[in-house]
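Everything on this sheet refers to the single structure shown next.
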Amino acid sequence: MREFLQYLITGVGSGCVFALVGSGLVVVHRVTRVVNFAQGSFAVIAAMTASTLLASGLPHGLAEASAVAVGAGAGLLVGLVAIGRPGTPPGASLIITLGLAVFAYAVEVLIWGDQPRSFAGVPGAVEFGGVRFQAHYLLIIGATAVVFAGTAALFARTDIGRALSACASNPYAARVVGIDIVRMGLLSFGIGGALGGLAGVLVTPIQLVTFDYDVTLIVGGFAAAVFGGLMRPLHTLVGGLLLGVAQSFVAGYGNAAYQMEVALVLLLAVMMRQAARAPAAEQEPA
Amino acid sequence: MARRAPAVAVGVGTLALPPLLSGSHLTVYILLGLAVMVTVGLSLLMGYAGQVSLGQASFYAIGGYTAGLLSVHSLPPVLGLLAAPLVSAAFAVVVGIPLLRLRGHHLAFATLAMQLILLSLVARADWAGGAIGLQGIPRLSVGGYEFADDISYAYLVWAAVVLTLLVARNIVASRPGRGLRALASGETAAAASGVPVGRYRLAVFALSAAFAGLAGGIYAFYLGYLAPGSFPVLLSIEYVVMAVVGGLGTLWGALVGATAIILLVQVLNTLGTQPGMPGYAPSVLSYAVYAVLLVLVVIFLPHGIVPAVRARLTRRASSGAV
Amino acid sequence: MIDVVDLTVRYGVAVALHAVNLTVAEGEMVALIGPNGAGKSTLVNTLSGIQRPAGGTVSISGRLAHVPEGRQVFPDLTVDDNLRLGGWRIRNRDTGPIYEILPGLTPLRRRRAGRLSGGEQQMVAVGRALMARPEVLAVDELSLGLAPLVVADLVRHLRELNADHGLAVLLIEQNARLALDLCSRGYVLEAGRVVAAGTAAELAASPRVADAYLGVAG
């Protein structure tokens, strides 16, 4: 029982990270129909930025917040290249973001080298139900809860959120009422960058981050997002948590080396199930 | 005949090249040929079946391991080389039946997942050398002739590239090839005109795997050593870059794309390893060149270099005639 | 209100509109009729700024709102959110007056627009356009695909808006009888050119219009 709780908590923690990356994919995809392959890079860039800022003496909180802002800026830049030119089809934008993810490698290695980075998170340990775990997990879970609630409120209750939803719902009608859909798309990339950046600064204290850690994050994040059809943030949260917990149980009761496979097999299974239910013609073209 | 002239010139030129090349340049020549083979298949897959594969290096790996494993278990190497494309294609059929029901970015991620799963399985398979790799693969020999030096591999690769291009060209020009072109212009339309869309997509997927498998087989004999780390996801992305930059669905595009990128990366690599350059320079430069070329081409030449140049030549020819 | 002079619009090499001239005066209801593909929607899209003209000028004094063809609501959003987005340009969030003008929408305000009937969606699209507090309304294919009773209700609302609020209307219709009934003046657009213009009565009386659009033989 005690082991179970331990694995559950660590699983929820890493699940939150996947959910954050996945929700970034969802926000961008909802508004622009682009699957942003560079979503994992925002997390890596923010993680590296935070480690540098902390090392240079910036206090905790400020360093992480600045890193998230850098993530948002990176998101905006990716958006500018991917959708800034009118008429770029979503399929081409996927390839462009793939290229930008590789470009991020060049930037990351140039600035931070190819060695893994980490920094301390919330210090100390917490005891709960007879289980001790790093207090940092509470921050991950709390921050994720706040961010998901905030994103839901943004989309449901603000004019900007309605305009973002409108671009997703009917781009032509959005233009008719005077919404600048390119600007909204860029905003969604910025939000996606911030969500990815947050995932990065939250995960670094519990996981060494190297420049190519984006592959793990994008696969996990995409698996979470696919759970909600790349459209629904709450399903993405559920998908991310399921994935994190499943990985943690496989690692705990089985073999830690199989964590990545859990994500991959879950991803394939969810996609197959969706493909079996929806006819091919209804899926997104390439 | 005039239309064939560039092909003949390139063929003869590349055939004359190997004896003139030094050791490291010969290695580039060989690796370039192998990349062309993989890119030709991927270009057909992306250009005709309209699908992105981010797992093309898995077929390259399967071909390599097939050839390597068979020949370290003292089967004749030539058998291993022949089996490489067949096993890769068979694997593509088996995984393609479920995977190809997906489209677009779903298929892209599914093929990426396929490669990541394959790599970690291989890394844990002791019978395949595990993470350390498969050592002691003998040199290729056919009959009594052993491919011992680099020049012989250069000619082997040349012949394999020609074979790949001829097969690809004949398939594109055949009746099924016309069906494929219909597929490229839209699945619904192709299905409506009686093209068995599902089977064709699977066939192109298997063909692209066979090309990559053959290339992988040669790679295994040339290097004599294979490891999961030789086939990273980045390699699959590099093939996508080569195919997209050259121009999807064109054989010349695959040739030009792979050549341009391999040579450019080689030049930058030489530059990056100059004394005084930091240790990370080569990798930074190669990442940057893949990324920048891919992004620039997708944005400014969405059909790739070769179709863009062709269009310009045609325009010049027709305006000259007026 | 609307002053279109020598407007030319191209899609690539295809010319959608050739030197079109059209005016709508303050408080006027003007019909634009013509067959499918004549360029009617291109004209409205140009008026609302979605399409760029290749030549000529479009000047609009006051605010124009656009009810696009095919209703084009935001299907995943509620009726109220649909209306609010109509006020996006002028930051108008007050949907209350719309429910007074179109009381039929009141019971639907929390429903998702995609779940509504065609007539209800058209009402949402009109209400959304009114949120922009327009002085002129361009309505693209008001009646298309709707039952006659539903159309009659929508027409009644347009008449009221015109009479009570002085709203000018440019009505783009394939149903020429409806358009000429409702409007005082009209234009006939064919293959991107204005081929006839005049008062509704003149147009209805002209053999060309009667023959092609009103189904009256010679």
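By letter and in written order, the chains are A, B and C; residue numbering begins at 1 in each of them.
Here, contacts are C-beta pairs under 8 Å (C-beta built on N, C-alpha and C of every residue); 3 or more make two chains touch, one makes a residue touch a chain.
The chain list, named the UniProt way, goes like this: A, B = Branched-chain amino acid ABC transporter permease; C = ABC transporter ATP-binding protein.
What you are looking at is a predicted structure, and each value in this text was computed from that prediction instead of being measured.
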item	value
Chain pair with the most C-beta contacts	A-B
Chain nearest the global centroid, as defined over all protein CA atoms shown	A
Chain at maximum distance from subunit B, centres defined as averaged CA atoms	C
Averaged-CA centre spacing for the pair subunit C and subunit A, given as whole angstrom	43
Whole-Å separation of chain centres (CA-atom averages), subunit B against subunit C	55
Cα-centroid distance, subunit A relative to subunit B, in whole angstrom	32
Residue ranges of subunit A in contact with subunit C within the complex	159, 162-163, 165-166, 168-170, 172-179
Touching residues (chain side subunit C, partner subunit A) in the complex	48, 50, 66, 68, 72-77, 81, 84-86, 88-89, 93, 128, 132
Subunit A - residues contacting subunit B, complex	35, 81, 85, 88, 91-92, 94-96, 98-100, 102-103, 105-106, 109-110, 113-114, 215, 219, 222, 226, 257-258, 260-261, 264-265, 267-268, 271-272, 274-276, 280-281, 283-286
Contact set on subunit B toward subunit A in their complex	50-52, 54, 98-99, 101-110, 112-113, 116-117, 120, 124, 187-188, 233-234, 237, 240-241, 244, 280, 283-285, 287-288, 290-292, 294-295, 298-299, 302
